[in-house]
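Okay, structure first, notes after.
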């Protein structure tokens, strides 16, 4: 019996995670990662002459997760307090002959667990990065395609002034591109070998400690830190922050999609699919299921971050509890973030954009959305403050009389003179009100093109 | 492949949860709880004449989780966005004949999911309450047994003045007893039927809505709220707060145990057991494994609370995402809290108290810990402020000369006269410095005796 | 120079807090509350014969915050680590003659600070309760007035089916009423005297401890706990949870208001006022300023909760840090919550409800919102599942042809026969689709009427 | 009346913040930063020919915070919803003649507030960086000075094996150095101009938008982003994460100090000072006041992070609430972190290290702490697993007999033969058990030397 958590439930898990990320942080992979570290340790120690040459292949041969009974390992983990203690015992039992003596040589549980985690994190980033890139690609495509699709820009959930939909998509692109770059930075510089022995000093290896550490880092292709970090957890917090911010960025895009899909707005729609977005009670609904699940996954992912920052406060050379609290939190964070990214990717790649409805909504307020444009056009003549007041006055008149703002303005002689007929028309043409959007979109596309392939 | 989360990992799960709570929130039970609601709904509707009498047993017969392929349900849940939609379809398929028409009659997915959750929460509380009571019982036993076991009271991790160990245990008792009472309060008044139909108005049942709701609440023995609470989630937040505060209270007790077990303090010890508390590198260690895991479980449990309070902010009649984010969080919260409670229960029930070491530590500072006692004894003569200064002076002298404070004080004539020989001796007798401890312990025991059986 | 925080900034503070709550948690009141405890302690000790009768009035006379230089107190607090240490010194200096000796007799800093905080919390609840009641009253008025104002019920931000606006207001009422009841419960049972002396045992008072504690609790009209709670902080967590859930409940109401005010929805509007809701750039906007600020205040308030739950984990008899972390957090939580409540109260009391627009939005989807009503009407004939499919089919046809759903349905002979002309008309009449709303509203009003005056 | 928050209280503020950081985020500086942006905007627009040349100095002359009544600004901010709206009005009123027309030209409130915030963040980082560097320097000094000061390494709060105190200090150095590097990275690349006009497109500037933006970025020496980020808040989250992780890193160091200062451990002591660390009730205490306040400040700082990550989820082109929630949180985060850093800096710079006590504690367990050393020494002969069992056995015997482990081992012939007399002595010499500590310390010092001056 299992499936308690949002991430592992057979019933709910598909809502919030993805299969490839689930594989990276599965029990099998958790154990395999620890065994990979043991095997690499043996190789590194053999290569540096710390243990006999022939011990390494004998140990490595037993470092396959499929040789272990995970349920049994679990039963032995509970009293031991961590999985490395029983795993090392089980591994030692499997290694034949003299090599048995050299299993886990000089290492401590935390070396194996932390370094194993780093291997999983690396694999997790390798799963996440192309998915985030795909979100950026999809947003980039929308940004480029909709440079000239005017819609209402909305601030405080109110019509503000016209923007091209491509501008909004470029904001999404920026979020995804920076999430990608942040995660890629962690992939390059944020990982670190953990290898310090019982109290971090590698005392168990006498004078050979750094030599083995160097070799082990090379074996695993992990950056070698200046020293162990058993109770210095800022790297974990860095990783968690980068992933949680990626999740939160997906939450923002998903929120926009859900808002755009509102019955009264209806400007963009997630792709629909067999059995997707329906309602058990209301046959007509087209629920923003993907956006909803992305928001749910992102919120759950973010909720792991404070724990992983609080875990900085660990006691002395190894803490009482907060290290253990990291294990699940990191894995859950990655899986939930993968879920959020996946839902947003699907939504953006299949987004139906209803340009006609965007245009219709722009017109729905009798020209009020163009009031900033009018204000700025008048400001050269009257100054910003006076222009603002004049337009505010006209807006009130237009609303009261349910007339189009353009008509009301045209009847005010001072305004009409200041603008001229063309000026008035221009102020009410959305595509002449998009300012620097095109340049902004180009810059965002250009940056993504550059950073994508770094 | 699974086992990503701390709660469901085959390898790690035993560290942070308990089997009985795992059963309550397992996938099987999640589905069974929803089916229980469907069955009860059918019975309630049959009893009130809303659906044909014979439909109820036909529907109820199909409401057994073991009839369903959970993996298949999971695959169909992902596109649907929630498990109730496919489950209702699968249930309908299983119900024969005309009864099929009346499955899920008038209900919406959220009615089934939320009410099912309430059934699980009730079962979860029924698992948690006796465990928390056992913690309180164990603390009560320690409090009563150690009314006369003096030890150093410590504030800011410094010796402050002597307290009986029973006083410390009574503080733990108070925390556990109040946690119990808070959870029992939720058990009595904090649950609620969810039944509102698609938008909360029970429109689907025409004029029969409240009649069915009343009957359904009786069927499930769940409190009937004034109205549905699809997007009014304060009851969930209340439940979450009560459980998270219970977890945090366990974290406090566990922290005290870990501190008492420190090599230099060594005044109390968790029970040891086969393979428990050992170290892969250091054969002599007796790690506070239970306390460590209790802290880890509690910290993870608490981390679910902000999410479940943030979920209050749901949009309109049903939200986009935060409802979905609750599902896993509630289950994880209960399981992690059960883990924390379990570790603390075991630690307290088997706690080895080293009274001799407590006494030795009390004496380790050459009498400094009795300085407040001396100050108060002198205050009647000199006033509190002047007495404080006199003792502060003597303390400095004693520390500088590495002498016992009693000797230094005895040499100061003003002090010696004020106290008399007996007074000085009394000030340095820990058991005459325990103030109201005995009464406090009795009050705490009395309150627990009363509230335990409510 | 000051004004760093959202709560104390001269520039920003008005956005997020209220003057009456600011007064309760101001520095003046913080100091006065501590002095009130010192004065009450002197009276309690005089009454129980622990200190001379005449000392009490002499001490009490100096217990007025306006006699103290708060800046000086602040300067002396920093090195001392808490404000009670220097305040007791300053108070002692002000008390004349022999009475000086009896200042702070037998107490510790934490007794004064915690009990002072409890007095502030009580005053804070007394400020908050009528404000929350006013929110409930305003929601109750809306609920009662709009029993027959149909609007679109919205789930997942999509039209679901018609509800009366009064139902939505009753949901708000429920949230506010339960917040009120939760806070009133804390006001009645959640407060507690703190009085334990240096290590919690009242050792400093010898055998007089509980006698003084009893008298002190009576003096301050605070509940007497079984024992001190210096490092058992669950009462603080309880208070924090009740207040944070109140804040979150306001966030939900504010979110609904902001969504209703959307340009495309425009069904309800916050009251406007001089300079309120304008935009520096867009003269036509009517921003949901109150809802926005309520959400901002609520989110900030909620962010204090995890800290106040984490503070449960305090070391031994007094902790290293988490107690200190509570001081600001509690005060900020109350002030920010007061701000959220205030914004929502103003918004609800002055809410403009546009029933015509609600009706228009209901009609905007060519009858799709009535599809659940049709489904249920057909379900008696065809069964729920088949009815659902039939309506789903008609919905698709109506959308594709941009026709009204009623017309499409009327053309399907099986459906037309099943419903009859009247049945079809009834299914598309919003007021015949409100189910149990009226009863729900009445129940919510009745509950509030009862609980309001408890 | 004010002083509600931990950061602004006249009484408490000195505990948790520092004066220089308080100045950076004060109301005066908040307003000055916004005015700096307005002045720079005028200059940039004058330079690019968008407004008349002579308008810039006229506007800039009025951009001095001391010309404004902050209380009045506060009163006008509350209804407006943000401080930029009234500030722009007040500024416009102060600017004489025609220049008045060009105040705030083309900008929106959020441009001014966000860019002003970025100026404050930059100034805040400039205050924080040297303080964090001083922490690293102090830790570096300790690390270098105590390469040969053996103490007990402690894992799970238990003696593990000997380490030099310099190793522990090097762990602190690593945390501080990485915090410095993270903050310096934000200082270099994490800031960004905000300039987008009402909906982010700079529509108000027609074709001149990017030209002005480029010039404005140069004026303020702020990085120019690809496009505005009104509702793309990941940069804020990045800043918050870097600062909160710095705070958390201080919390770790402070925790270690508080643990080392425990009465029973007493290996290191914070500096004491006039009125610092005393107790109102206990004259002998030397409380870890600095560590306590550092932990309190750090915990409060960290509590702002989740809010600033949640704020990613903002609606459309400007959100309803979460932007507003950032204002106080960012300022509070910086101030609280500055407080944590300051307390740790003082503690480390004045740390009294008691090498004799460290040595005494090492010996307090009759040699048990050397058991890993013995194990490793035996492992070459018996294999790791068997050696572990042998030593575990000897440890039990030594504990049972209260004898020194060395004696017990010497009596076991197999062990004595395997080790030889010298080997046994070496295993019990702490300085021969420090492994790679010296090299680790050197690497940490070298890295800091390099990164410090980047």
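By written order: A, B, C and D. Residues from 1 in each chain.
The rule we apply is simple: contacts are C-beta pairs under 8 Å (C-beta built on N, C-alpha and C of every residue); 3 or more make two chains touch, one makes a residue touch a chain.
Treat the numbers as computed from the prediction; the structure is a model and nothing was measured.
Chemist: With subunit C gone and every other chain left where it is, what groups do the chains form?
Modeler: one piece
Chemist: Any chance you could check whether B-D or A-D wins on number of contacting C-beta pairs?
Modeler: So, comparing the two chain pairs, more contacts are at A-D.
Chemist: Determine whether subunit B and subunit C, two copies of the same sequence, contact each other through the same residue numbers or different ones, counting it as same when over half of the numbers at the interface appear on both sides.
Modeler: same
Chemist: Taking the mean of the C-alpha atoms as each chain's centre, how many Å separate subunit B from subunit D?
Modeler: Distance between chain centres, rounded to whole Å: 32 Å.
Chemist: On a C-alpha centroid basis, what's the spacing between subunit A and subunit D, in Å?
Modeler: Comparing mean C-alpha positions, subunit D is 24 Å from subunit A.
Chemist: Could you tell me which residues belong to subunit A and also touch two or more other chains?
Modeler: 104, 154-157, 160-161, 197-198, 204, 251, 255, 258-259, 278-279, 281-282, 287-289, 292, 295, 298, 303, 306, 310, 320, 372
Chemist: Graph of touching chains, which shape: line, ring, star, complete, other?
Modeler: Topology of the interface graph: complete, with all chain pairs in contact.
Chemist: Sort out for me which residues of subunit C touch subunit B in the complex.
Modeler: 89, 92, 98, 100-106, 153-157, 160-164, 167-168, 170-171, 174-175, 178-179, 182, 197-207, 209-210, 213, 225-235, 237-238, 241, 244-245, 248-249, 251-252, 255-256, 259, 295, 298, 302-303, 305-306, 309-310, 312-320, 372-373, 376, 379, 382-386, 433-437, 439-441, 443-444, 446-447
Chemist: Okay, in this complex, where on subunit B does subunit A touch?
Modeler: Going through subunit B, the ones touching subunit A are 1-17, 22-23, 25-31, 70-71, 73-86, 88, 104, 107-109, 197-198, 204, 251, 254-255, 258, 273-282, 287-289, 291-300, 303-304, 306-307, 310-311, 320-325, 327-329, 331-332, 335.
Chemist: Please give the residue numbers of subunit C that touch subunit A in the complex, ascending.
Modeler: Touching subunit A: residues 152, 154-161, 258-259, 261-265, 278-279, 281-289, 292, 306, 310, 361, 364-365, 368-369, 371-372, 375, 388-389, 391-392, 395, 399, 405 of subunit C.
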